[in-house]
Amino acid sequence: MPKRDLISIEDLSREQVELLLDTAESFLPVLERDIKKVPTLRGRTIVNLFWEASTRTSSSFDLAAKRLSADTIALKASGSAVEKGETLKDTAITLSAYGPDIIVMRHPSAGACQVLSRNTEASVINAGDGKHQHPTQCLLDLFALRQTFGRDLDGMKVSIVGDILHSRVARSDIMGFKLLGMDVTLVGPPTLIPRGIEEMGVKIEYDLANLGDADVIYLLRIQKERIKEGANFLPSLREYNRLYGMSRARLRPGQRVMHPGPINRGVEIGPDIADDDENLIALQVFSGLAVRMAILYRTIVGYTDAGSEEVL
Amino acid sequence: MTAAQMSRTVMRIAHEILEKNPGAERLAVVGIHTRGAYLGARVHRLLCELGGHEYPSGNLDISFYRDDVAARGAVGIIPRTPQPVVKDTDLPFDVEGTTVVLVDDVLYTGRTIRAAIEALFDYGRPARVQLAVLVDRGHRELPIRPDYVGKNLPTAPRERINVRLEECDDVDEVGLVQAGEGE
Amino acid sequence: MERTWHKPLPVVDLLIRDGRVADPLSGIDAVHDVLVKRGKVAEVGKALAAPKGARVFEADGMLVLPGFVDLHTHLRTPGREDEEDIASGTMAAAAGGYVKVFAMANTDPVVDTAAALRGFADSARAEAVVPAGSYAAVTRGLKGEQLTEMAELAEAGAVAFSDDGRPLATASLVRRALQYAKVTGRTIAIHAQDDSLFKGGQMHEGPASARLGLGGIPSLCESLDVARALDIAAYEGAPLHVHHVSAAATLDVLGKAKARGLKVTAEVTPHHLALTDEAVASLDSDLKMNPPLREEADRLALVKALKSGLLDCVATDHAPHSPMSKDVPFEEAAFGTTGLETAFAVLYTYLVKKRSVDLGTLVTRMSQAPAAIAGVEPPAIRAGAVADLCVVDPRATWTVTPEGFRSRSVNSAFLGRQLTGRIVLTVAAGRLAWEADA
């Protein structure tokens, strides 16, 4: 039996995504009670291997594992593997000594999860690899959408605004949103929209005025390095804000704003939106915990929920 | 067991619960998903009628408390038993200091009940926990003993007790099937 | 002047019996016996008798072809003998049916002086099981600044000049190199790449790179640089060779240049003829190469151009890499795939069997056309010619595995794929260079 990795949203079928979201929902009562912990993964070992700084994702995974009573090890590597002199393969072999069941990894390079997976018995969960994929972010976004709009997301309209080119979140979200039947439009400057992405079944707009009847506006973080001298993706953050910065005035009533965080106030998001309670940003963070519990749980027990017969 | 027999059995269990807990107001009925929850609801309704008191009730899902999930096999192997659909646990009362009657359809190895007790304790510390089952088929693997038994049905390990309830199966009946049949 | 060197193995006496001899240059495609005496083709005919002491090779049902010539091999020697050396690289060539290979100059140190080239020649004389020649660098240290001493390098046997791995970055550098090449009589070959468009590139820019989030290398990156070099070549009236053409857009400019009568030649790799960027979805770093695998439309255009001769020849761009460079995340991996041992089988499987290209055309593009570009005697199966040939079992189906290589490196883009056509015997320069285990 091959081990169960979660490297890309493409690894999952629609049924599996829905099962994960249902499972996450069943963890919500656990998170609300006094003892916010179940013994499900007692004795299991989960390694959080982060080659890039990420307080949010790593702490979310860490807490999710602890809520399931798993033992966790956090390894934070600064700089690239090459700089440290130890290759990813060597790290994988070293970690095998702990006999981990799951390795959650964030890495600056696409393809890192495949290398890790080849060199470990553990299941690999991708917590972000280069600009490639961030499947757990997509799943928590879907969960937050379900919590807000109900279980059926079919036909909902989402506009993803900003730096699509460099965003692993955008790529995972496009796949996940489409998988659940949503309608996806990408909005941003042409310099930050990758050539050929329309073949993923999305519409492309260069003008924020064309948000139309989108139900959700998903803002992406604009990295400062995009305005680095010579990169020429953007003339300035100021101009980006003028053209694509989201403010209340640019929204229609009822349109909800999402953002994977951390936000850049005054760049892609105005303070009037960042501070109101209409946005789904806090819900996204909260959803991360339940969703990551569900992912860890399903990685171990499987996606087969066939028999509800009591066999015990 | 026919529908009529089942109805009489559930009524008897409700009577026994009241007899064993005279005057107890802090008495709660908690069914174990899936069929235990439906049976628990029936027991609870009768209890309220007979006792003339609105006792609290709830449901318990034990998926996250099973002992075969965390058991170490080869990594990533699907556990030997199919995982139940995860359902919500709903305990809309304070477990602390309450006498909880757990209700399940079939008592077998006792592992489900162990998991249920552990789950229950994560919600608070009950005064006591009692166990009511529709069928006890034997073959216990843990020191667990029911307080209220609908029917003792000695079985071979290869046999399976098939409890069907109107709420989910459109009919009330208990049957004995050979493993492999009807799966 | 010698342009290749090899180990002084004994020449063979050999009778290859009943094979289908397919040699476009000699105009043969029929079942014949081929008699090799003292390393030369003595006779091609029916029911030839084996002289006393001659080895007899039964080739019933097999193809007897002119041996292949590779204009683009990285032998990694000197400097990275852990990845390939002349012995292992030429053994790999022999196993692939090659009878001559030409190594690129991007070794460490770079082949940018006559002394370095003589060092290569000495090693080849000691180790090469098929004759090996070498390019010399266009610029010292491949730095793109100062021209090498091309005249002396040409005298020492450089087959042509190339900074392969690096583009000639400025128009003026391309111009000076092309001007000076007239002194040497050797061709300038370019690795076409506009660095400003290449920056950060990991794979072909298109729907697949958009989906994978990998930096894109647009077709424009290649076609622009080729167009510029062709304009300069036309202006200077100098010949030009274009390495590893990958994009349909490049074929457009090449076609126009050839129509104008420019002396331009171009090569294409087996992997660009067989695979597309969709294969990169696995993020398997063996599929990372430069130029990158492009789209199906590009691939189809390359196949068509190979057939028409717009692309003159196949060249492997055999690029061995150690696991340290390849068993790493895709984005950190080195560019390149090995190719010598799979080239014929890949093209036989993907092009000939699918009837996109006929066998005779493939043989021309793999053997005689590249030999002509290199300025060496084209392999031919006719009486009097040096025996440069290979025998292929066209029925043999095999799976590419890491264990199956003679090359010191296993980074093949075709690992795990099933191919048809196996080289069972190679005679290079009249010497038995390869014989497959029965």
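Going in written order, the chains are labelled A, B and C, and every chain counts its residues from 1.
Here is the rule we use: a contact is a pair of C-beta atoms (placed from the backbone, for glycine too) under 8 Å apart; a residue touches a chain by one contact, two chains touch by 3 or more.
Here the structure is a predicted model, which means the values were calculated and not measured.
Trainee: Make each chain a node and each touching pair an edge, then name the shape: line, ring, star, complete, other.
Mentor: Graph shape, chains as nodes and touching pairs as edges: a line.
Trainee: Closest chain to the overall C-alpha centroid, by per-chain C-alpha centroid: which is it?
Mentor: Closest chain centre to the overall C-alpha centroid: A.
Trainee: Centroid from C-alpha atoms only, then distance chain A to chain C, rounded to Å. What do you get?
Mentor: The mean C-alpha positions of chain A and chain C differ by 44 Å.
Trainee: Measuring centre to centre with CA averages, how many angstrom lie between chain A and chain B?
Mentor: 39
Trainee: Can you check how far apart chain B and chain C are, centre to centre, with Cα atoms defining each centre and the answer in Å?
Mentor: So the centroids are 73 Å from each other.
Trainee: Which residues, counting only chain C, touch chain A once they are in their complex?
Mentor: 202, 205-214, 216, 218, 282-285, 324, 327-333
Trainee: Would you tell me which residues of chain A are touching chain B in their complex?
Mentor: Those in contact with chain B are residues 1-4, 22-23, 25-27, 29-30, 33-35, 37-44, 68-69, 101, 121-123, 297, 299-302, 304-312.
Trainee: Which residues of chain A touch chain C once you look at their complex with the stated criterion?
Mentor: It comes out as residues 80-82, 87-89, 107-112, 114-115, 129-133, 166-168, 171, 194-197, 199-200.
Trainee: What part of chain B is in contact with chain A in the complex they form?
Mentor: Of all residues in chain B, those touching chain A are 34-35, 61, 63-66, 68-72, 74-79, 81-90, 104-106, 108-109, 111-112, 115, 118-119, 122-124, 183.
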